[in-house]
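Some structures are shown below for you to check.
Heads up, the next two complexes both have subunit A, just with different partners, subunit B and then subunit C.
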Partner chain A sequence: MENRPLEYDYTVAKMFMFTTIVLGIVGMLVGVILAFELAFPSVNTFLGSGLAEFTNFSRLRPLHTDAVIFGFTLSGIFATWYYVGQRVLKVSMAESGFLMFIGKLHFVLYVIGVAAVVVSLLAGVTTSKEYAEFEWPIDIAIVIVWVLFGMSIFGLIGIRREKALYISVWYYIATFLGVAMLYLFNNMAIPTMLAASPIGESGIGAWYHSVSMYAGTNDALVQWWYGHNAVAFGFTVPIVAMIYYFLPKESGQAIYSYKLSLLSFWGLMFVYLWAGGHHLLFSTVPDWMQTMGSIFSVVLILPSWGSAINMLLTMKGEWQQVAASPLIKFMILGSTFYMFSTLEGPIQAIKSVNAIAHFTDWIVGHVHDGVLGWVGFMIMAALYHMAPRVFKREIYSKSLMATQFWIQTLGVVLYFTSMWIAGITQGMMWRAHDEFGNLAYSFIDTVTVLHPYYTIRGIGGLLYLIGFLMFAYNIYKTMTAGRKVEESELQNASPMGA
Partner chain B sequence: MFHWLEKHPFFFAVGVFVVIAFAGLIEILPNFAQASRPVIGTTPYSTLELTGRHVYIKNSCNACHSQLIRPFKSETDRYGHYSLSGEYAYDRPFLWGSKRTGPDLMRVGNYRTTDWHENHMKDPSAVVPGSIMPGYPWLFTNKADVDTAYAEQLTVAQFFSVPYNKPVPMKDGSTKTVKMGNSVAEANALALAEAKVIAADMKDQDVKDAVARGEIPEIVALIAYMNSLK
Partner chain C sequence: MDIAEIQAYGYFGLTAFLVFVLYSYIYHLYSTDKKEGGHDYENYSNIALKDDIEDTPISSVSDDKEK
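Right, the complex of A and B next:
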């Protein structure tokens, strides 16, 4: 056998890189529109009053969350899996015609599923459950897409040359299993077309409609067990998989501590699922579950910070790289936002804090410092690292990447600071009483006061979107106009043009 | 052990699954039977109310409005008695929401009227100056889907024993029977009878005419649902 490195096949990775970028633009653009709709309600009819049904806040909001979660993030997870998987298992997709077929089918069905989701959400076909809005026909399609993802993971593992699974693969496996379990249980529903009336009519009403298997408090419990852990297995676990691969690769540094990665992984797996109850504090869910949700949320700091600290210490002695490379900057600030967000979350899960924070914009701020600062930064960094190796070209512009980094960082900071102020202001105003024990403010007072913060948030989101468009442009130019690079240039730090 | 697991993907996956499934088993299973028992006075949704609930969901009202009153003085002062688990026994799906961009609606039927909703849904800021809620004028022209609501009634009656056409105990010791039609035509007739009561309190002539013709605009169903939230 000749002594040269394996040639990996990135066909499927490239496809998912494409959807990561396209759906990222869609999801973030809709997000910016929503932000300005709250600041300036006239934006609700920006395509004219005739189309207002499809452009107003409530109809677009699920499209934003789902486009970002199941579009941008999931595509990023798939793209990196089809890149990282081959490399850490030391096997090429091209070696198995079957896996290549599965990979391509995975992509095609995914795109069809995304199209169905967009159409159905705009039409108002929704179950109303957050991040699980899809009706049963789409749910079935999603399950098929997920099974194909699983076949791809375990298929590649089955023909691997490297016997020990690298840390990233642990996290990809956990992503697959966790989402599968959560999604199946939360979406249990009975299609109403199955019902027959006493006189024997059947197939009544909309064929795609279904009714949840769970009612009321139980439905809420299952939904937030799902909702919270969709965050776990969509925004945390697979993103940690990425950073465990891409940071050591880009920096040329070994992971700081294997033991810490073990502790963080198994700790995260065990603790995360318990914390869902913190979405239901002071609700009609039994008290002990609420308390468990609070406590485990605080315990969750340990495994979360374990991973983040492992990443930061991986840079030990090599901090000059952070200054020199905007790509490393994205990953290091991403880890920092991860630490920040996983400290903020537990604070909000403490009952007395939650009493103020729940139902307010502080929660929205928390989600976005995690997703914009951690998930978004990490996925973009991963794609930047992949681009030269996938396209065999130098990253088009380093200065554009650096500018993008600072614009987006400013965007995230504006976003979460404005939402903190908005959330705490509103939470305090809701509970304020005057000297006679009457409510001090009517509800509308607590809305109009938020206008400046909603405006600042909109600007923050817009800056992030502008940065993302710069990212898309940079990747596009890398594909088409970047200088071609030799194999020998592709060691650690990604080659970048000025 | 961990080194061994890392070389045996099957057992690794089984291990991960057991660890993540553990919390769900302990937290979710034990309370299932107890929590879905209705409190006295909680009735299933009528055909028109359920149709309206679908309009509420179709427009993602739950993206901005909660239906969960927490046990704080500030909340009970503003919205009424705090929520009880059994009050949600017939809510499939639950509509607690996670964000209060607008006020809670758990008991909105206690303090808002058909007339108020009609004006408000057309142009919220005309009723509540400074409101950032957009108008929903299409609800006045879109036709409500009664058939699907009827199919849902049949489904929950059959699979979850929701007591349609059966007496349900009320707080004052009396009973109330929520009727469900025996056929699609009967279900539509029941919904129309309810719609006529709502439309009588409305001003929009097009809506009144539609109901007189036997059609039910979405706004009528939505208002029926909102009025039922008590």
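Right, the complex of A and C next:
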């Protein structure tokens, strides 16, 4: 065998980069369709009334949420793990045939799982639990995929050269453990074929159907303990892992305070798990739990801002880099949107505010300033940083990246501002009444008023999707036509063509 | 003492305990920083900055074994 110097092996990282982009396009395209369906109901039958079953809002909505969460975001988490993990542990996947095999198996089973999810959701097979719609056979497949991810993490840690675990690794471990715990508990279900009814029927329903092991208020509590922490361990923890690696690396600046990063980590871990109750304010769960949910939500500002401010301060004295590099712009704006949505969320969790905000479009606006401005921006930035290193080529076009940045920023702003106005208008109209207590408006009155804002949201979403397509094109061109670069050009700032 | 009073004391006690844990952790971070037998926390940032496969690890696993 020839004696080549040891190199990091990005095979698995590349595979997941590919699914990040493809599933990002699918998920966001469906999002844009949904947005226009809400604004213009005729879009519900855009493939004709024969296919309306597959194109209507309620069938497509879970496809959107699951494609962007478990498709786009999760692929981004896996892609960055298989990149960052090797580098900060200073060990190559090429050094272990076993880990390489696990990594590839992880990818293959993941793709099969995604296919099963897409088919079953389009067919209307669902448990009806938000973000946990998959029926039990798919749940089992997902558990296997997750265990493989865990084996990759701990396997790589087991053969590392760098003894200290970099802060990002802690966040990846927390992602793994957190999601494992949440997913298992929330998806506990009994297949209906095993159940028997009081009059003695058995083998009820299709083989893949199941009923939740929890009922009523308990089900709601477990569901939102899960749902909120899916935000924690899917949209926050792993994305923080990314920014702690990619921002310092791209800018060449050491983290402003490593100690603060540790303090925020433990703070976030402790506080997040208690905040889910804010999804159930004014519901049938005990009042003290609702209050606890509110209080922990407000406390959550501290560890969230701890990380975000740490990132902004990392750029101290280096702000010219933000002006010069569109890649750093993505990360700095991402971090800013993170601060913004972690302030907005706690405000919505205050009972009196929630009385207006709950069930309105303001919540949808809040979700999307976080996911578009923070999660989406950070994952794209991570892939932009990785592309020259994994393909050994310069990023195809800097100006395209800068244009994309501004188009998408405009898209996000249109999205959340329109949803703020729509949401608060809606909330106020629902509760407005005359002096005798009669409601002042009927439901359709709100629909008429909201129409222009729904259209603006659709346009904002479309801009974001166009930007995402520019990103996909830029990465594709980097892979195929970018100028070849030497290792020495890859130290910090990523090389970019004009 | 009724249940509400017990809850109130419990609540106060828990809050005080958590504040104590938080500040002890901060104290721990600063007191072990750059000390003999402790960690040089800020230097860990270099794990990301110097992450080529040929770079020397910031705190090597093999150093440990040689001891």
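FYI, the second predicted complex is superposed on the first by the 482 of 498 C-alpha atoms of A that agree within 3 Å, B and C clash if a C-alpha of one lies under 4 Å from a C-alpha of the other, contacts with A are read in each partner's own complex, and residues count from 1 in each chain.
The rule we apply is simple: contacts are C-beta pairs under 8 Å (C-beta built on N, C-alpha and C of every residue); 3 or more make two chains touch, one makes a residue touch a chain.
All values reported here derive from a predicted model rather than from experimental measurement.
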Touching partner for A:I69 - first (subunit B), second (subunit C), both, neither: neither
First (subunit B), second (subunit C), both or neither touched by A:L23: neither
Which superposed partner A:S168 touches (first subunit B, second subunit C, both, neither): second
Partner chain in contact with A:A13 - subunit B first, subunit C second, else both or neither: neither
Which of subunit B and subunit C A:V88 touches, first, second, both or neither: second
Partner chain in contact with A:L463 - subunit B first, subunit C second, else both or neither: neither
First (subunit B), second (subunit C), both or neither touched by A:L262: both
Which superposed partner A:G252 touches (first subunit B, second subunit C, both, neither): second
Footprint overlap on subunit A, comparing subunit B with subunit C: 163-164, 262, 266
Subunit A to subunit B touching residues, read off their complex: 37-38, 41, 44-45, 49, 52-53, 56-59, 61-62, 124-130, 154, 157, 163-165, 170, 173-174, 177-178, 181, 185, 190, 192-199, 201, 204-206, 209, 211-212, 214-223, 225, 262, 266, 269-270, 272-274, 276-277, 279, 282-286, 289, 292, 296, 355, 358-361, 363-364, 430-433, 438-439, 443-444, 447-448
Contact footprint of subunit C on subunit A as seen in their complex: 5-8, 87-88, 90, 92, 160-164, 166-168, 244-245, 248-249, 252, 254-255, 257-259, 262-263, 266-267, 492
Residues of subunit B touching subunit A in the complex: 2-3, 6-7, 9, 12-13, 16-17, 19-24, 27-28, 31-32, 35-36, 57-64, 66, 68, 70-75, 77-78, 83-103, 125, 128-138, 145, 147-152, 154-156, 158-160, 181-184, 187
Residue numbers on subunit C that touch subunit A, as the complex places them: 22, 25-26, 29-30, 33, 39, 41-42, 44-49, 51, 53-55, 57-64
